[in-house]
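In what comes next, chain A is part of two complexes: it sits with chain B in the first one and with chain C in the second one.
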Partner chain A sequence: MVFSRLFFIYIFLPLCLLCYAVARGTKAKNTVLIIFSLVFYAWGEPVYIFLMLITAVVNYTAGLLIGKYQGQKGDTAATVSAVVYDLLMLGVFKYSGFIVENINALFSSSIPVPNIRLPIGISFYTFQTISYIIDCHWEKVKPQKSFKNFLLFLTLFPQLVAGPIVRYSTIEKEIEERTITLSDVSYGLNRVALGLGKKVLLANQLSIIADSFLGNIGSSTMLGAWYGVIAYGLQIYFDFSGYSDIAIGLGRVFGFHFDENFKHPFICKDITEFWQRWHISLSTFFRDYVLYIPIFGKRRKYGGLFLVWLCTGIWHGASWNFIIWGLYYGIFIFIEMKIGKKNMKKIPVVIRHIYSKFVIFVGFGIFYFEKLDKLGTFFKTAFGFGKNGFIAVQDKISLMNNMYLVIVAVICCFPIISSIKKVSDKHFVTKATVTSAAAIASALILIVTSVMLVDATTNPFLYFRF
Partner chain B sequence: MSENKKNTSSEKDTKKDAEKNTARPEPVISIAASDRENTEIDIPVKSKKLRRERRKKTLNAIALSNIILVGTVLAGGFAYMTMLPHETKADDENRMLTKFPKFTAKTYANGQFTEGIADFFDDTVHNRADIKEFIADNLMPLKGRKYGNGDDGAELYGSGFEKKKALSVTTTSKPEIIVTTETTAVQATTEPATEEPAPAEGELTNNILIVNKRGITLYGGGWGTEYEYASYLNEYKEKLGNVNVYSMVLPTSSSFYLPDNYKDLAHSEKEDFDNINGALQNVMSVDAYSALNAHKDEAIYSRTDHHWQPLGAYYAAQIFALTAGVPFADLSEYETVTLPGYVGTLYMYTQSATLLNNPEDFVYYKPKTPVTVTQYDTRFQNPVVANLLFDPSGMPNSGYYMVFGSDERIVHVNTECKNGRTLVIFKDSYGNALLPMLTSSFENIYLCDIRYFELNAIDFIRDVGATDLLFSMCSFSAVGVNRNSIYNNLIR
Partner chain C sequence: MNTNEIIPRLNEVFRDVFGDSSISVTASTTADDIEDWDSIEHINLIGAVESEFGMRFKMREVSGMKNVGEMINIIAERGK
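Moving on, here comes the complex of A and B:
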């Protein structure tokens, strides 16, 4: 089930909130959350839910063993087995097709390509279990003794299928004891409305532009290619950060405080900063668990760096363009490291902004085109070697037709809400006014989003039937 | 409390965060944090303490109102979606809405049952059509402005080649048809169609331009596939020998109504027609393009639908009759029926307020001479007596399919024109409108849709004793995926 559909917002969620409100005490509330989370997951994955449950049992048991044999051989054995199990599951279910295809291509063999459907959310929950196991091993957290609590950590539906990758340490205490304040709940609900608005009102509309210009790259002009890729980058940002907003907001309604996953990434001044603001839970995961793996000996600083970016690329999808995309970022971060922080700061801010936005949006081009020949066409078109010239009438019409949408989307990339809050929080009257306005705005966004979602099942079928 | 908790995960995190975001607290935390501040900091001055408590109460009251407000929206939505009657049919989309799924072990295991329930609720929202009109009228125009001024203002719709699941548009047949015929063919049309294969790149743009209150399907060009079309027809002619084979590829509104400054948006249909005509061998080409071009100032194409109007079919049929050397009835020998307020498929594709608010007349013509019509399924089985045209009056939606019926059937018309000529028409939905216009020209007419035909075409043509074979489909079909059906029906 996805968040941005009427059935979730108006049937699943109200029922869940009602049961949660009625349940007394943290234990009862946890039971409600686990039941709803399992229903949520089983809604889309009635079979693979067992895979997730097995993963839960394996990692829970490994956690207990790590706790029991702390610092002994059993500890290491349990850690290694659990991590290997997790990576194996991810490998089988996400990458086996890709691996076999490439082996076949490389050795002209004809191993049958396994046709395995990717279980929803496996990339996210596998990383959660890995971080749990390693944190237990490093004694950063105490292994969870109760299977029920462990299951809650893993299956908590707000973050189950699309992140953020919530670490056990983040909600360790709140699983067992949490207080829910009125401001938590109101904040959470507003955040959910905001996230839905980002997804439905901005991302979904931007996707139409992106698809018509990038999807049709063979007939796009140079301007069209840039327009399409900028719309696509904005689409991905509002889609993904909107989803994180909903997750964080729902978490807050239930009394959990998840970490922020996006911090206005497009205001960054260099690529290093971009990744400190974009999908933070993923980049910190790689930083904490992959970067310092001592397999590169003395050269680990750079070896680790490229390993991280290779992993980041592959994590996004089993396809070569994602690998290229990851390494592409690795190269720019490597260059920025070589230049050094101090020297980077000497470069005029305007140039740093232009440089970083250029790299990021070209990156989105790599991200979009899974077929490498299409990616080639994109590069040719975007850099003036396409066959359709610089600008054509379709670019002008689309730009005009979507003018306000694009302007609003660009404005929403800036930290407006936090700036308003920062100013208004200084005085009680402004704070009360802004808080009240936020309530009304949230309700309005929710209503408009819902109205728009009625149209979502309209199938504007894209191929005329004559 | 929460901030501390947040950062226990990694000390490095904390340091870095502190470096990066020095003074800007996340909006998230600020409410909660300030609340806690208020509770924790104890100021001895009584009035200040009182004021603080009052402020805290006010903020809590706002938070509570906020929860009640959003909660009311959620509860209202819950009531709206569960208690109000579900819609069953979307007239503006010409389709039946999603039905509640049937539970079986299989549908449960593959997720179709659970997703089906969610789809059912999402798709059948009460007053769906009105809500969609509201979106088209009030929300979508907020995205931007029309290109150009006033009536000339242009809107462009389209989604490249993204593959999406297509639902059947073509099809909600008039309920009466289902009652009178009960053929499987008509029943089948109400089921959602399977996914349409994506056309090869460069074939069709599938974009729609709305300009001068008219929706225009932008022709993307065949880029070679037009020769395939011609070669398939040549094969028919080779196999059929004595039977006259005609090719009448029909232009779309893309040829006639695109203002000069938008000409670049579409490929020339005429150019592809010329390529086809040059490649045909012993197949007679019928120049519908010129015939229609001569009348482009009349309402020969719908403004709101991707089909032509029956008047366009009249002029095309006229030139075909001339080419085939058969009699042809003047329009005065037909009864004219006008359906006002018609908003066709292009509104459904675009949801454009411009089309919605500028409906048109749908004008069709009933032959005055009696004909005998028999309808078969797509395997030429299960004959039932049918009407040549359906009466759409009293139906909530009117238009092309409502008058001409669906595509998934074979129609046989026996006329009073006793000239011994039997015509088989292989067509797409454009061809439906030709049928009434040829009822004074051939003794027997068999109308078959190229896409749904399930027999060997040559055997069929011989079995019915055809003297003439007409391929009549629009440019998009002739160069697009539908051309493959022409070949498939040959080798079946």
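Moving on, here comes the complex of A and C:
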């Protein structure tokens, strides 16, 4: 099921909230959440839901064994088995086609390429189970004894299909006991409206520009290529951060406090900072579980860095462009590391902003084109070697028609809401005014979004395919 | 080794790694207190601390350290 569908907003969610409110006590509320989460998932994945349930059983059992044999051989065996199982499932369902294709290409063999559909959310929930298992092994968390509670952690529908990758440690206590205040509910609902607005009003509209210019890169001009890739970058940001807003907001309505996944990434001054602000739950996962892997000896800094960015690329998809995209970021992080933080700061801020935005948006180009020949055409076109010149009539028309959309999108990349709150929270009158204004704005966003969704046939979130 | 012996030596390592002679670490110092202390610098720091105290950290320790206090405890146990 998709958040940005009228069925979800007006039937599923209200029904879930009603049952949740009626249920007495945390245990009953958890039952409500699990049932609705399973229905939410089964709506789009009636078959693969069993894969997720098996994964839940395997990891839950491994967690218990780790707890039982803490520090002994059984602990390591259970940890390794569970992580291998998780990676194997991800490998089979996400990468088998890609691996076979490349083996065929490399050895001119003709092994039939398996046509396996990607189970929704597998990249996200697999990382959640891996982090749970390793945290149990490292004794950072106590293994969850109740299967029901473990299932709730894994299936909790706000974050199930496209993140954030919520760690067990983040909601460990809230699974057992949580209080929901009126301000939680109000904050959560505002956040949901904000996310819906980002998705439907900005991302979906920007996608039209991105697809018309990047989708037909062979007939785009140089300006068209840049315009398209900027629209695409903004689209991904509003799509994915909008999804995270909805997830965090819904979580809050149910009394869970998830960590932030985006912190206005485009205001970054360098690439290192970009990744501290973009898809934070993924980069912290790699930081905690991959970066410090002690297999590179004295070269562990470079080895760890390379491995993290290779994994980041691979995680995004079974396609070479994602691997290139990951390593591309690894190179810039490496360069920044070599220059050093002190020297980086000496470079004028304007230049650092231009440099980082340039790298990021070229990166989005790599991210867009799964076919490498098309990616080549994009590079040629963007850097002035294309066959369609610098500017054409269709560029001007699209720019004129979408001027306000692009301006609003760019403004929304800045931390406006938090800046307003910082000032308004100082006095109760301004605070009350801003709170009321936020409620009105949320209601307006919801109305406009609903109107726009009436005609929408399909608008899945981009990160559903990862 | 006790904490009083460790802190001055550790402080030197921090000053050296972060190139800042004004750093003065305590058990409660965290990565938030030192501007440049991010995940990459963390590897540099761990490497420098390891060679200063002639010991190795385990991955779970490198990854899970919440503050300098935890680092000191590990050094007190295994450092030279």
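As a convention for this text, the second predicted complex is superposed on the first by the 457 of 466 C-alpha atoms of A that agree within 3 Å, B and C clash if a C-alpha of one lies under 4 Å from a C-alpha of the other, contacts with A are read in each partner's own complex, and residues count from 1 in each chain.
Note that in this section a residue touches a chain if its C-beta (ideal position, glycine included) is under 8 Å from a C-beta of that chain, and two chains touch if they have at least 3 such contacts.
A quick note: this is a predicted structure, and the numbers were derived from the prediction, not measured.
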Touching partner for A:W138 - first (chain B), second (chain C), both, neither: second
Which superposed partner A:Q276 touches (first chain B, second chain C, both, neither): both
Touched partner set for A:D288, first chain B, second chain C, both or neither: both
Touching partner for A:G384 - first (chain B), second (chain C), both, neither: neither
Residues of chain A touched, compared between chain B and chain C (which is higher): B
Partner chain(s) touched by A:K342 [first = chain B, second = chain C, both, neither]: second
Partner chain in contact with A:A432 - chain B first, chain C second, else both or neither: first
Partner chain in contact with A:I333 - chain B first, chain C second, else both or neither: second
Contacts of A:G304 with chain B and chain C, given as first, second, both or neither: second
Chain C-contacting residues of chain A that also contact chain B: 140, 276, 287-288
List of chain A residues in touch with chain B within their complex: 1, 5-11, 13-15, 17, 42-47, 140, 167, 169-170, 173-174, 181-187, 189-191, 193, 205, 208, 211-216, 218-219, 248, 252, 257, 259-260, 263, 273, 276, 284, 287-288, 392-394, 396-406, 415, 417-418, 421-422, 425, 428, 431-432, 435-436, 438-440, 442-443, 446-448, 450-466
Touching residues (chain side chain C, partner chain A) in the complex: 19, 36, 38-41, 43-44, 46-47, 59-60, 62-64
Contact footprint of chain C on chain A as seen in their complex: 137-140, 272, 276, 287-289, 291-294, 300-301, 304-305, 333, 337, 341-342
Chain A contact footprint on chain B (complex, rising order): 2, 5-6, 8-10, 12-13, 16, 20-21, 24-28, 30-32, 34-35, 55, 58-60, 62-67, 69-75, 77-78, 80-82, 90, 93, 98, 108-111, 114-115, 117-119, 121-123, 125, 128, 131-132, 134-135, 139, 142-147, 154-156, 158-170, 193, 196, 198-199, 201-202, 204-207, 209, 217, 220, 261-262, 264-265, 306-307, 348-351, 428-430, 473-474, 476-477, 481-482
